[in-house]
């Protein structure tokens, strides 16, 4: 098992390197500089001299290959560079935002799993009934809404009209503040999980070994408990792992809407202000998180499904 | 229009007056908002020139001067008095002896010298450096040729002598928070970045990056009896729609409004009671690049000014959250000329001017714009049909703000629309049209007019304030006549505040920047305890 | 009770529901199986033999359902039993082996546990006891080193091994009736014989009756005492195995027999091509009128096209459903 | 029977959107760009302006109709790009194998690891907002599933007899891929493409919200919705109608995709969530 984990982790290394190179190339051709972003609001104009100094300090004057070399050397020593804007190490800038994003992503995935998986299960067990119909129409509808629109609606309804929950921000980091953004973010993966779970359960219900289980004289409950659940779990887990990436990506929108101090809002802010080291760092960290989660999912799947280790 | 401004100022005065008439209540929390983006830069205000960061800095830091919102001019803050030499270049400040840093030490002359020297560290490119450069010897420090600013001398612990390179009012230079005075001993430590220490009315207590900054009352603040509230919490809410919900939900005490919400709040009987309006020193203009052939002709530029019905756009699209612009200088500028009338909406005249300039069939140009609702693509979209009527076709080139500021400086545009700061100092504002000002600074339209240059040079040389204003008015009129831009509007900043929040100041330089020590909340606030 | 046959199927009908319409996928099936007897059901794929066996064990699922008739097991009608009652029979007294050993076992569960489930379910054993019993069960199907094998997962076993595991599961509770649905079709020829032998030996030793289902008449003839031939949802002939080869009554049976490559047949008849029955089994919704075999039958006449033939008894307890039986 | 319902409802919704888009010039009351009349700004829905007018005084009904063109263009073109990239890479990787397969595999894994919205955001910032940029941004960032699928199909199909036969006959590799392999994997690929179109329409809205969407002259539902979010209390109709249009289109595409999957790809309901 340990070799399996190590192997999976090693496999992620080239991906990380490729991502690092890709985002370097992307952001070396982006128009605008951090210095130009500082006079973007037209309020206080920066004089050309300071802008030139800034560009020099941030290495904009060096040729691209020199910057790339520096960037790779830094990465090799686990250094993500220094933020143009905060003038602090990118690592510490990101570290401040990691926990809120983790909270949000985790909460929304929990929401998605707790609602979506049972919904899909029930829909499959009652397939072609009205329960199935209603839950799947709900699921597909949840997939068809623009996220910020949904978030805005939730905000209006639960904060303003009903007054149950705070409308914005991180507050003291407590659960009350987490609910609305997590739900806004979790609806789409919930819908997808419901659909996947339903499809997986339906597939497995028609599988030969489930018929065998029935032929053994097992009750439906035992069939579900002993045979169906574990088999469906592999597919559901894989979906969860892949959905995690989407959730972190979509968090960009939800965090911005709800003023949630996570990586997503940091990323959008940094793109707007051309704080390139932070942009590169955040994307790398997001990719890293995604790969870690998916390695974890793979390991879990391997624990559940003995076939995986050998393939 | 002028009447409206007076009314607004009067309204602001009334608010100020009311605040003074009532006895300020001590205690409670002021729940302020930072609306410009979804984060603060960091806790070192020297690194940022953004309004967003100045919003928190005002709670914790103070500068040599401060902006007097009611009288609309810079005033001494950390000095008790100042004397000026006869040639107008040497300023001697008597510093406050009651200004205590949050770590308990009193401020002295060394702190100011240390701060200003730090800002001139050329390797750091602090944005405030451009203001310090007015002090003699500062540029040498920036270039690494000197260790100390020669024009800045400590006379004694509470006296400082400053020699300037030009005859200007240093108040306009030293009031912004990016020049906040730091304690020399503490600010060089690493811990300062996570726990800033200043002279402001509130002492730093908590910072959640991307979410909020909180500060507690500084008991030893130098203004007697102030600050009133126990605590100020500044929440970052960049989304206007989210701010709207939060405000209506009584989670925040004040919120900067956009045009859509301005209408809604004005129409609401309860919300309309808590609206503060100010004519800010921003002019929204469409810059016309003279290197693009049609725009090289003054008549074409004037034609554009005649062709667009700015009043209608302001009324319907900006929802009256703007004042019609005549020329460059804004309504609240001391050199604003009430005699000047804005270009009239007159498509026929525009057509005639175009024909005279050799474009009877019109022409097509590319208009660079951001998505800003008050001075971006929505405005352009409304102007397109108007220009179409006089034969001018428009292609929109959408960009981000960062890119706009770059293409404007590089001259890589045919026309752009932007909101530009035009104050508070009228001389500095008009300098953007001086031929000596490069395009990379702020002469985006490559304006060049000898008469204008002469007027401006005289204005900066004279010590007679009357003459200076007179010259600036004339210069402003030349800009009007030459029409290097389409003069669209001056911003009307609007802030909604809850009924329990008192003591807001009508700051024309940026309404969101407030002196928190003057604000207080009464017992009806949900956070009154 | 011992006077009754073990299984009596009477006029069994299985419906296929499509929308609001019900098509009889299987109709008028009647046969009996004695205790310890091996009975074969043979026919082309799609003739309804598999769903007949699923009906016997109560595993028909939507859109299939029992549309009529009786299934009497050990003298007791079981076609309308409650799911709970049926479960007590299933696996315990009637068990089943499926065609696909590759997929019939749960891929995520060790085989020992899958065998042990039987003892837990039907014998009330604890998991620990059940595991010990499963080692024995595995040994009885001639799997070497059973105590190590029980920890293996299905994907680690060969097809033949998996089918042995299936047999171990099916026979774990010493059932009265074993339904074997094409148990060797998916296996290598060399393994097929071993598996069949295993089924024969074990069922004989336990006195278990076997319903052997196959498309392979040769295999059925070797294994079974009596054989039923199914065509398009009907039982067209039922005979003793040896008789059916020598003297098939129904033209379809004749066709099946003729298509068999008999050992020594070449010697007898010289080189000749195996005969095939032209055409394919019609789909359920399009069964022809009259005798269902008439479109493919060499002997079909007008009566075959117009009238459904009834069951005609033959000598020795045989039955045939043909207007022109030989 | 559910299958048919999916397909039917999805098909009807999607066809309606396509037809409205195509017929927009005839159905619309006004020009969506030029007929901005500030005198009629923010009129609520009524007999003259069926869906009301927006802040610039443009007829929302007409803009929603024209918006169908933009949103469908975004959905269809970006998915076409994705599909072509995915199929070319996946097919060739699966068929040729070797180092090329490793390269494609690596690329696919990389694409999967970067959340596509973030990738698209970066590309939009680089190319500056606009329709072409958006098509590129969404077209380059969502091909990994198609690629994986094409690769897996190519791997399993290439050992099939008829493919081997074509090889023996001396068909060129390209010809074999296009005539023998591609037709046999088209079903599932169409399904992924259909579902992806819905995703692209939503992504357009998300990018608009982040200030990096399509910009004028033509109206897109995403930018209409995003621009109107501040007016939700004062003039909700400005955002409700484009919001509904997005919802209906994406719902239609999702249902259509599900329905198609049941028909075209019945054995792999779980292949892609």
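Side notes on the structure shown:
By written order: A, B, C and D. Residues from 1 in each chain.
Everything below uses one rule, namely that a contact is a pair of C-beta atoms (placed from the backbone, for glycine too) under 8 Å apart; a residue touches a chain by one contact, two chains touch by 3 or more.
Note that the coordinates shown come from a computational prediction; the quantities given were computed from them, not determined experimentally.
The chains other than chain A, kept where they are, group by touching as follows: B, D | C.
Among the chains in view, A has its Cα centre nearest the centre of the complete protein Cα set.
The most distant chain from chain B is C, comparing centres defined as mean Cα coordinates. Averaged C-alpha coordinates give centres for chain A and chain D that are 21 Å from one another. We define each chain's centre as the mean of its Cα atoms; on that basis chain A and chain C are separated by 52 Å.
Mean C-alpha positions place chain A and chain B at a centre distance of 38 Å. Distance between chain B and chain C, defined via averaged C-alpha coordinates, is recorded as 89 Å. Shared interface positions of chain B, i.e. residues touching 2 or more other chains, are given as 241, 399-400, 403. Within chain C, contacts with two or more other chains are made by no residue at all. Within chain A, contacts with two or more other chains are made by residues 31, 152, 156, 256-257, 268, 272.
According to the touch criterion at the top of this document, the contacting chain pairs are A-B, A-C, A-D, B-D. Against chain A, in their complex, chain D makes its touches with residues 1-2, 106-107, 109-110, 112-118, 121-123, 125-126, 128, 198, 202, 205-206, 209-211, 222, 225-226, 229, 232, 239, 243, 246-247, 250-251, 254-255, 258, 269-270, 273. Contact residues of chain A toward chain D in the complex are 14-15, 18-19, 22-23, 26-27, 29-31, 128, 132-133, 136, 140-141, 143-149, 152, 156, 192-193, 195-196, 199-200, 202-203, 235, 239, 242-243, 245-246, 248-250, 252-253, 256-257, 267-268, 271-272, 279, 283, 286-287, 290-291.
Across the complex, chain A meets chain B through its residues 31-33, 36-51, 53-54, 57, 85-88, 93, 96-97, 100, 152, 155-156, 159-160, 163, 166-170, 255-262, 265-266, 268-269, 272-274. On the chain A side of its complex with chain C, the touching residues are 207-209, 211-220, 222, 226-227, 230-231, 234, 304-307, 310.
Residue ranges of chain C in contact with chain A, taken from their complex: 57, 59, 83-84, 87-92, 95-96, 98, 100, 103-109, 117-118, 121-122, 153, 155, 166, 169.
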